[in-house]
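Each of the two complexes below includes subunit A, the first together with subunit B, the second together with subunit C.
On to the complex of A and B.
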């Protein structure tokens, strides 16, 4: 029972990490059709932001709290710069976007190496997030993973509400559904794109902060995760969030179960096989967005 | 729309594959003739190669080894060099990537024409460079504890083999009354071989192995493994994880409520430097098995620690692999001087019986195995990040890389 619960919780928390990373991609890749290979480096930027803040602000708890908004802005700003300087010029050329952003990701990795040194660095977690909460029946929940789960859920709720209820969200949805019609209706699509990119990249920064609670911070930490995040968005279905949410948790639980029954490497293979099989059956992903757009 | 996306992703994969192939193709094959390249000792300096991962997941450990080799080189140069020649170090970055190690080894031997190479940490990197050194008949000094079952004529092993580290570690657990262990390791040759040895030991000594799990090098997701370890209710964990996977593992371990009191972990790849990187809050009270600690008593160690701190900063700890690397350079000097030549075959012939007053105590080169007799030491990690000895073997243990003197290990090699 404790094992089963432990595994379920592990799966859900792997899913939460995946979700945090995929959420930003669901916006930039899912909504804007931009394949941004540098998304992983925005995660890294968020993680290093946490590290730098911890060097300046003493007290692990405060620096983590401060890091959340700061990392969001830092990664978001990097995203906007990337959008304004490069991606904006390549909107109709997806393959070129992919190549250019891949190049940017390599440049950012080297930059991190030059600034912070090649060896990975670590942050201290606040004491509150190093232990666990005991539940009745001998079950325990690690507080750092609970924190990440809460953060992921909060990010999904905030993003969903923003897309549904705010004027900005309405504009973003309008541009996704039919860019031309949105433009002739008086929506400044370029500005909407920039804002979307800011939020999407900022979410990657948040993911970076969360990851510092689990492992080391290094120049290549983003690349290790970006493939999984792309898979989440592709399997979930392009153009909406709910698919990504479901798939992130499903893949997390599948990974944890596979890992428990076999080994970590075999579990990874099982997950990939499951994804390939699923995409054979539903190439459009779990959910599809019906639009009147001809694109 | 979807198929277009598919094409793009396929394109990206092709691109990555092409880049990888191009990297493979660019390897130098200058010295493939097999005759060997002799070292360039014509000038008044002699070059030695330093081959360590200065970037990537292993950099947390290997950078300090490089620093330690540099310290030994400086000391020797200040005292007049080797056979009247100053040592000129040439440093290369193995980048935590095994083919890169092989490529850089080839470069050091055939382009820089070094007299000896010091370095490598993971057994995967040693296995990758081994054929390069054997083909070129060049010397490698390998300064890290490893899984044994190897004896290359062109490698000197100055770290511990299994009977000087893992077997004493298990003896200690047995003496403490631990009846069951859980094995956690990185997924490559050292942990897998070490665990094979541990399982053979356990079977012969009435201990049970409740499970073994491997994580890819650099992996940071330990939720499941820690969950399995906890539910196994083992008496102790034997940890052969390498690099900063240890950071993620111990964070998870502590979060799961496991402590040194409830389930001690014996680690064979965590020394003072890694303790600092992982964070003492996660490690206090846990055990390590090595041959040297910064706290090891003796005049030679006091001198070594003082010199290291003077060069690299007072907050920098010294550790076992650093000490073994430092010793390696001094042993090479002694071998060369005994041989009266930098020639590899003459150096090898002179090696047996050479002793050095090392920081860990007197070490002796064992001629036939090219390993070193060392004292085994079990230590406990303190809240200050230093490791204090709780047990030692009393005298240097003769290296036995193939565990021939242990009946239970007969099926292993």
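On to the complex of A and C.
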């Protein structure tokens, strides 16, 4: 029971990290139909931001708190730069965008290597986030994982509210649902795109801050995560957030239980098989926007 | 493809050079034969004479990568399927060959050296056993990747998983494969892979003469694959493949099954990658997860993009050039090479989608593609009025409908 609970909780917290990353992807992929492989490097940027801030601000707790907004802005700014300089020119060619942003991610990784050195660096977690919390029944949860879960849930709630209630959110939803009609109705779609990119990339920065609590920071930390996160978006269906939320936690739990029952490597393959099987059932993902397209 | 009834829908990929059949302008059978003879002379006479043994073995390695590139050229350049997981098929071929060679090195009834090292095994795992026989192992190097590609392809293409979705899935396959290989260290060699391969069907690979023989085998195979690819591209099937790339739904309405068309190209590309992997092993003497994962898989693609994805020779030349540049530069400036590689992705794909082949064929393409000079100035949404009368729904909300081909309407009016 305790082991099972531990595995489940680990799965949920893996899902939370995936969710933080996938939220940004779901936004940009859903709205602009571009595959941004450099999203993983925005995670890295967020993580290194935490590292740098910890060098300047001594208290681990304070530096983490400061890192959250700063990493959001740093990663978001990088995202906007990328959008303005490159991606905007490639909107009609999603596959080419994938390759171009992969090139950007190679450059950013090497930049990180040159600036921070290729060995991984480590941040110090605040004391508050190093222990366990005991629950009734002999169950324990690690506080750092709980923090990440809270962060992810907060991000989902904030994003949902923003999309539902604010004028900006309304514009974003309009562009996602029908770009042409939105443009005709007087929405400056290019500006909305830029804002979405800022928010989406900023969320990757937040994920980077969260990841510093779980492990070391390195130049290539984003590469593997990004693929898992893309799978979440693909399986969850684009254009809506709830698919990503459900699938992120489902994949996290599936991965963790698979790991528990077999081994890490077999679990990865099982997850892949499960995804291909799922796409047989719903090739457009879990939730889709209704369109009249032929696809 | 009909050019009369095509007021909407997608016109050829900006990278395509759609109607042209290969790199040489005005290529006819005679010209192709001359080009082939020239290539054969270069590979079989000039290169062995001009290059040292060391350089020649490097060239052998590059030629293996070029074989993968031919396959990617067919699947991606002609078929529009960006496969970011060719390393999987390369690896399946490579591992199949390496398993056989390891067993042959060890001798009958013995375990390969690394299994003895890691120690938990008393006898061969069941799935290693068939590879002791060359009659199983050699066909398996090609058939195994083709079978995997067939399995995955028939599942995903039938359900219309395509474009970016397919690219991500193929990449995830590469990730899963590497993690599996690394995880099963006792039977796969883990991160190290299968190393230190000594013999190749009775010939010692340490002997430079035998290395040359391996080079000749590889060069011959490459030429054979080029011929095969040329036949495929010029056949009716090849036309159909390009048609599927440029307007999958339209092909469906014409009564063909796009899923089968794509499946054939994907399986052929996988077979070529498998063969390349199998020949890579005797040329280099090692196969490891580091050569087949996400990063090498996407590196296969950059050579194709640089050379010219939709041409016959472009991918080959591009792959050899990029691999050569990597060797030459990464020794001297390891960091610099990564920057250059990243820049290459950005510059070539964004600003020269036809690859270097487009530069060579510049004069001819001018007439083919009136849009050529304008694509970077054109704003995304400036759809000319009056077009788009039959298929008005592409664009918003259907990401996979626009796989690499340009939005409907964005470049219409060209064919009419």
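Keep in mind that, in the parts below, the second predicted complex is superposed on the first by the 290 of 295 C-alpha atoms of A that agree within 3 Å, B and C clash if a C-alpha of one lies under 4 Å from a C-alpha of the other, contacts with A are read in each partner's own complex, and residues count from 1 in each chain.
Rule of thumb we're sticking to: contacts are C-beta pairs under 8 Å (C-beta built on N, C-alpha and C of every residue); 3 or more make two chains touch, one makes a residue touch a chain.
No experiment lies behind these values; they were computed from the predicted model shown.
> Just subunit B (first), just subunit C (second), both, or neither: which does A:150 touch?
neither
> Which partner does A:140 reach: the first (subunit B), the second (subunit C), both, or neither?
It touches subunit B, and subunit C stays clear.
> Let me test your reading of the model: by the given contact rule, A:166 touches which partner, first (subunit B), second (subunit C), both or neither?
It touches nothing on subunit B or subunit C.
> Where does A:2 make contact in the superposed view: on subunit B (first), on subunit C (second), on both, or on neither?
Only subunit B is touched by A:2; subunit C is not.
> Check the residue A:264 against both partner chains and state whether it touches subunit B (first), subunit C (second), both, or neither.
Both partners.
> In the overlay, answer first, second, both or neither for which of subunit B and subunit C A:103 touches.
The answer is second: A:103 touches subunit C but not subunit B.
> Going by the contact rule set out at the top, does A:55 touch subunit B (first), subunit C (second), both, or neither?
Neither: A:55 stays clear of subunit B and subunit C.
> Touch check for A:130: first (subunit B), second (subunit C), both, or neither?
Once the two structures are laid over each other on A, A:130 reaches subunit B alone.
> Return first, second, both or neither, reflecting whether A:185 touches subunit B, subunit C, both chains, or no partner chain.
Neither subunit B nor subunit C is touched by A:185.
> Name the residues of subunit A shared by its contacts with subunit B and its contacts with subunit C.
35, 94-95, 98-99, 102, 113, 224, 230, 234, 238, 263-265, 283, 295.
> Looking at the complex, which residues from subunit A come into contact with subunit B?
The touching residues are 2-3, 6-7, 9-10, 13-14, 35, 37, 94-95, 98-99, 102, 113, 118-120, 122, 124-125, 130-132, 134, 140, 142-145, 211, 213-216, 218-221, 224, 230, 234, 238, 256, 259-260, 263-265, 283-285, 295.
> Could you list, by residue number, the parts of subunit A that touch subunit C in their complex?
29, 33, 35, 86, 89-96, 98-100, 102-107, 109-110, 113-114, 175-180, 183, 189, 223-224, 227, 230-231, 234, 238-239, 263-266, 268-269, 271-272, 275-276, 279-280, 283, 289, 291-295
> Sort out for me which residues of subunit C touch subunit A in the complex.
That would be residues 14-15, 80, 82, 152, 155-156, 159-161, 163-165, 167-169, 171-173, 175-176, 179-184, 249, 294-295, 298, 301-302, 305, 335, 338-339, 341-346, 349-350, 353, 376, 380-381, 391, 393-407, 410 of subunit C.
> Under the definition above, what is the set of subunit B residues touching subunit A in their complex?
1-6, 8-9, 11-12, 15, 54-57, 59-60, 63, 187, 213-216, 218-221, 223-225, 227-228, 230-231, 244, 247-248, 251-252, 254-257, 277-279, 281-282
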